[in-house]
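Chain nomenclature is as follows: A, B, C, D, E and F, assigned in order of appearance, with residue numbering initiated at 1 for each chain independently.
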Amino acid sequence: MKILVVNPNTSASMTNAIAETARHAASPGTEILAVQPDYGPEAIDCAMESYLSAVAVMDRILTLGEPYDAVVLAGFGEHGREGVQEIVDVPVLDIAESSAHVAQLIGRSYSVVTTLQRSVGAIEDRLRLAGLADRCASVRSCGLSTLDVDRDPAAALEAIVAEAERAVRADHAEVICLGCGGMAGLDEAITARLGVPVVDGVAAGVRLAEAVAGLGLRTSKICTYAPPEPKTITAWPLSRHLGVAAR
Amino acid sequence: MKILVVNPNTSASMTNAIAETARHAASPGTEILAVQPDYGPEAIDCAMESYLSAVAVMDRILTLGEPYDAVVLAGFGEHGREGVQEIVDVPVLDIAESSAHVAQLIGRSYSVVTTLQRSVGAIEDRLRLAGLADRCASVRSCGLSTLDVDRDPAAALEAIVAEAERAVRADHAEVICLGCGGMAGLDEAITARLGVPVVDGVAAGVRLAEAVAGLGLRTSKICTYAPPEPKTITAWPLSRHLGVAAR
Amino acid sequence: MKILVVNPNTSASMTNAIAETARHAASPGTEILAVQPDYGPEAIDCAMESYLSAVAVMDRILTLGEPYDAVVLAGFGEHGREGVQEIVDVPVLDIAESSAHVAQLIGRSYSVVTTLQRSVGAIEDRLRLAGLADRCASVRSCGLSTLDVDRDPAAALEAIVAEAERAVRADHAEVICLGCGGMAGLDEAITARLGVPVVDGVAAGVRLAEAVAGLGLRTSKICTYAPPEPKTITAWPLSRHLGVAAR
Amino acid sequence: MKILVVNPNTSASMTNAIAETARHAASPGTEILAVQPDYGPEAIDCAMESYLSAVAVMDRILTLGEPYDAVVLAGFGEHGREGVQEIVDVPVLDIAESSAHVAQLIGRSYSVVTTLQRSVGAIEDRLRLAGLADRCASVRSCGLSTLDVDRDPAAALEAIVAEAERAVRADHAEVICLGCGGMAGLDEAITARLGVPVVDGVAAGVRLAEAVAGLGLRTSKICTYAPPEPKTITAWPLSRHLGVAAR
Amino acid sequence: MKILVVNPNTSASMTNAIAETARHAASPGTEILAVQPDYGPEAIDCAMESYLSAVAVMDRILTLGEPYDAVVLAGFGEHGREGVQEIVDVPVLDIAESSAHVAQLIGRSYSVVTTLQRSVGAIEDRLRLAGLADRCASVRSCGLSTLDVDRDPAAALEAIVAEAERAVRADHAEVICLGCGGMAGLDEAITARLGVPVVDGVAAGVRLAEAVAGLGLRTSKICTYAPPEPKTITAWPLSRHLGVAAR
Amino acid sequence: MKILVVNPNTSASMTNAIAETARHAASPGTEILAVQPDYGPEAIDCAMESYLSAVAVMDRILTLGEPYDAVVLAGFGEHGREGVQEIVDVPVLDIAESSAHVAQLIGRSYSVVTTLQRSVGAIEDRLRLAGLADRCASVRSCGLSTLDVDRDPAAALEAIVAEAERAVRADHAEVICLGCGGMAGLDEAITARLGVPVVDGVAAGVRLAEAVAGLGLRTSKICTYAPPEPKTITAWPLSRHLGVAAR
């Protein structure tokens, strides 16, 4: 089985980190193909960037020219999943939703710990539209940007564990979902400190993708996710018209 | 007061029709500036096209170089409102949401009648995220595409009135919102036939934009809709890198 | 356009204050006609008073004998809107609902700051029945009665700002609605101190009334808000049978 | 135990019918005191009449001058319960809510069958505010007014049974609540025809009032239902100022 | 009237305490028959024990061989009510649900104070499935096990009152439901200290059972609670096959 | 990996059928251990049977004496999952929930088609408590009992396809979940006829169990699903006290 894992931003180091997590999580025999868009933001912290990334991700997938069995979209709380479901036939998994699915399977309620407060709304929106908000105890911000997390991992660990602890103590979360990519590897530390399972979105997405594809199931094309009708779309795919560097 | 009305697709005739509706609805003294994106779909019927349109709309607004007092996004059920709220300071109104606000002010419940069934979910999602789903009796499809509506307006009128009647009789809707642009002008016909008020989204958006801007209010920038942080965004705005025709 | 603004209580000074706010908010060319009931409470702080006021307001409107284009009911969280919608043809707007509509147009979530805790439930009920509760982060009490607010405005400002700050910090409200009439004029102070937009209900009601009436729309009479059927009603309108002072 | 049962309208024959149902339902030893307001509508079919009735009912209770152990408000879907809870100390029960409580105790879901479609919204609002909407399968109208029901009971029976049957077959209601006073006595007929239990609101209200009062419980006065604060209320109670016929 | 009150656990002293509360709450002329299962846990603190108790309770009822007019299931938050509704014809009341029904009749919102945090979810689930969660302000744990409550009643009183106070102050509960049997008798103390009504589940269940049975109503057998179809069930009732001590 | 699949009823042929489906769905290298309880119903169609089955399943698992990596509970809409989560450390998956998780990953909304109408409520309750009801378009009954399905598979296919078609046409379901075990093998037929993906619960449960266990995750033991405290439980495990046939 080959799973296409798409980093939604243009940071190659992030793509590599995501690929590593995905490969670590995958079953033996699963091949991970990790890619990133040709244009768009180096990191995603707001709706404007998220929309741009959604388009750049669809563009990258449309122009990939290579077969795969499932897609994992590795942005936590980003737009785009429904669009990708229209343009490919294989299952498409979003990591925020995948985290929540797995969390609900192992605990009565879960909380998400993410970076900045401004991202909380976007994550809540994704979970709500996916029908996964009911068992969400809270989406909490640790107050640090992705950059801050990268810059000082030790301080970040403290901030994230502190917020996860508030989720467990005050919101009665029984599982913690790590709400951003830069938090990979923190799961063992949090479990050790708080005694609750921690779900990493990329890992969850990869394993659920294996499960769904392994069941021989594909996205329903009966209505909402039917392929786009042929029509005139100016400059699409954008990558063919942009003077951006080749991959 | 000057209101920027953005047609989300690249059809110039649609832009003209929207501009006309907007001008007809506006108060005396309100100037309507109607624009359309430089790239993207000629019509929007699915999530892929909606996401692309959202980016093209943000791009068009970012590169406009002209002042205005409010923005009306003239796509019914399209993505993008939160992104535009981040990049401009003035109020930003989506016509699906504007329709629902006005409908709730004049009736106990409302239904939306839109084109194809595949658009129903997108409209439901917009209303739900905007906190306007509770008094929505139904979102119904008349089974015709935008193209069909354009091609045979008389047949379209019958199909739309029939569906609106089902909304009134079966779902107990007390107000009908016209869920696509091509339906402009149908409101009088439906009111005459069914005895319920009909809300046109572009008209509602323009008048609500006047109201909010007239109150001296602007989008809250305290958290979710704060401006994007400066960061490296490859090829953004895309319009500056694309070889598309000048406006 | 002429807008009838109805103070729900019998305090003439409150009617004057409301009229002033309404005139300040109105568009040029809009005439404000401010009235108050002939009987009922001088201020409204509980359901008993709210119901009595609702009847006195309907009575006042029924016996007005003067044309107008829209009605604004200037009680925050009071009963009566549906009754007035039945007895008049023009649009009828409640200021609690109007505040929430405007707040939702400019922020992801809003909080209401009102006077006493006992009024919180009534406001929550109004918002819920109007289908506007979903984006309401909280309804908070500042612990002061309307009388307290009038008596010591400086102390009231501190109490209200403090509660608004809790709404912003703890509940993540992005917009504040001022939940009682005595708070008019506090909006600039709160915006200056907290950096969030503040919505005044009377102002919001007047501008939304202009918008709805300007669109040529009226309350749907198809079902819930149809005029009352003719029937024997003992002593109605009450004002014609009461020995209360003439206006 | 003495239970005050208040007919919300001014029809003496309705008061008698309600009193009879209440006495039939009461435990041995329970005394029923049935009263009606001094002014207001002879029947209640809309919000205007419902608000007026709420005030007339509060007035009647305030001026009663006689002790009782509980109050049952015998209007189905009418306003006023919260107001009465403020002005008396003993438990106050609304028959729409009482019906729903009892229905939930004997079935998985219930439907209400009421008279005209325009009353459906009012009943839905009462159930929703009382926290009893979740197990409500539907509120259905039989299309007849109260007057029609009185005029031709045999035809009414057919219409009501037909609608109850739709509730059972289509909405999977397992209990039927009779949604207006004029339907008393229909319960046996419906149960015989459809095989589901039928709840009469007055009977349910009386028995629940006995239960709550028998437990020694009274309305919580800690916040929402605290007594009104002393203040100037012009012409209140209205009955003392009106030239209406003495009881 | 004879009411069967079933203690869900095998503690005879608990059965006696429940019987005493039930008799104290019952109307004159109501006979209380209190029983306990032949097998299962001596106390119930988790789902495993709750399920086992549900079966033991059904078994006890099936093999009772004595008539009664209603059943009260005296476990707070335990499973089993639907099963008992299938196997008997008379009304079946669960004390957690009964508490909530009564609480909703006397206050705008209620909170439950229970023993350990791990029981909170089970109580929330029962209330939600019964359609009674909407007016539930909170389910709070006092941090003590049933055993702790028995062992040191004075300390328990303090812990429970402290938690009830948090429910009143922070969650705006207007009524407190005592969420476990061991708390009987605490109601007066809490009411005296906090000024809010307190509902005891067994008392509420007994009085509501009298009310429902007194109305001549029985569980709807039209669908969900129809009697089980005849079929082969190995070793059922279990009590006939177990070597447990006779009652 | 070894997955314990538990048939909740005592039918050996059903255990075999479930084992076959599980083995067919499992990844290469996954071992399926299929068991059934020692006592309880041969088929489960009501709450009484479901509760008894839940206890018999917990008993069977407690006394198994063999290691495994995850548990799949193969009853659709049955009780027991939370109890098993308390008594084992490895992940525990319920097939109704597993179906819904997978369905939500491949479509906007899903419907369940089950056997008799009386089982609909139980399935709705399971989905609601699991936080999976939001995207459930409907739970529909085909009107046949499990026995009927077994007896005449061709007629059953027609009935099930007809009901699935109603779910797709009327409820806009985009995925169908087969809501009982006897329906295994119908998925291809339904997909062929209706063009929507069909999810089999046992298959979904097995693949999700592999995913969760493969991620190294286990049920959170921090609160709700902590192991039962040691206490006196009369006659537990029941299997040790019953004179039932050895396995």
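Simple rule for what comes next: a contact is a pair of C-beta atoms (placed from the backbone, for glycine too) under 8 Å apart; a residue touches a chain by one contact, two chains touch by 3 or more.
Just so it is clear, the structure is predicted and the values come from calculations on it, not from any experiment.
**Q** Treat touching chains as neighbours and tell me the shortest step distance from chain A to chain F.
**A** The least step count works out to 1.
**Q** If I compare contact pairs by residue number, which of B-F, D-E or C-E overlaps with A-F on over half of them?
**A** It is D-E that repeats the A-F interface.
**Q** What's the chain with its C-alpha centre farthest out from chain D?
**A** Taking each chain's C-alpha mean as its centre, the farthest from chain D is A.
**Q** Can you work out the whole-Å distance between the CA centroids of chain B and chain C?
**A** The mean C-alpha positions of chain B and chain C differ by 29 Å.
**Q** How big is the gap, in whole Å, between where the Cα atoms of chain B centre and where those of chain E centre?
**A** Centre separation, chain B to chain E: 53 Å.
**Q** Could you tell me the distance, in whole angstrom, between the mean C-alpha positions of chain D and chain F?
**A** Measuring from centre to centre gives 44 Å for this pair.
**Q** Scan chain B for residues touching two or more other chains and write them down.
**A** Only 108, 117, 121, 172, 223-225 qualify.
**Q** What chain-chain pairs meet the touch criterion?
**A** A-B, A-C, A-E, A-F, B-C, B-D, B-F, C-D, C-E, D-E, D-F, E-F
**Q** Which part of chain B faces chain C closely enough to touch in the complex?
**A** So the residues of chain B touching chain C come out as 25, 27, 91, 93, 97, 101-102, 104-108, 130-135, 168, 172, 174-175, 194-197, 199, 203-204, 207-208, 210-212, 214-215, 217-225.
**Q** Where on chain D is chain F touching in the complex?
**A** 108, 172
**Q** How about chain B: which of its residues touch chain A in the complex?
**A** So the residues of chain B in touch with chain A come to 10, 38-43, 45-52, 54-55, 58, 79-80, 82-83, 85-87, 117-118, 121-122, 125, 128-129, 145, 223-226, 228-229, 231-236, 238, 241-244.
**Q** In the complex, go through chain D and note every residue touching chain B.
**A** Going through chain D, the ones touching chain B are 117, 120-121.
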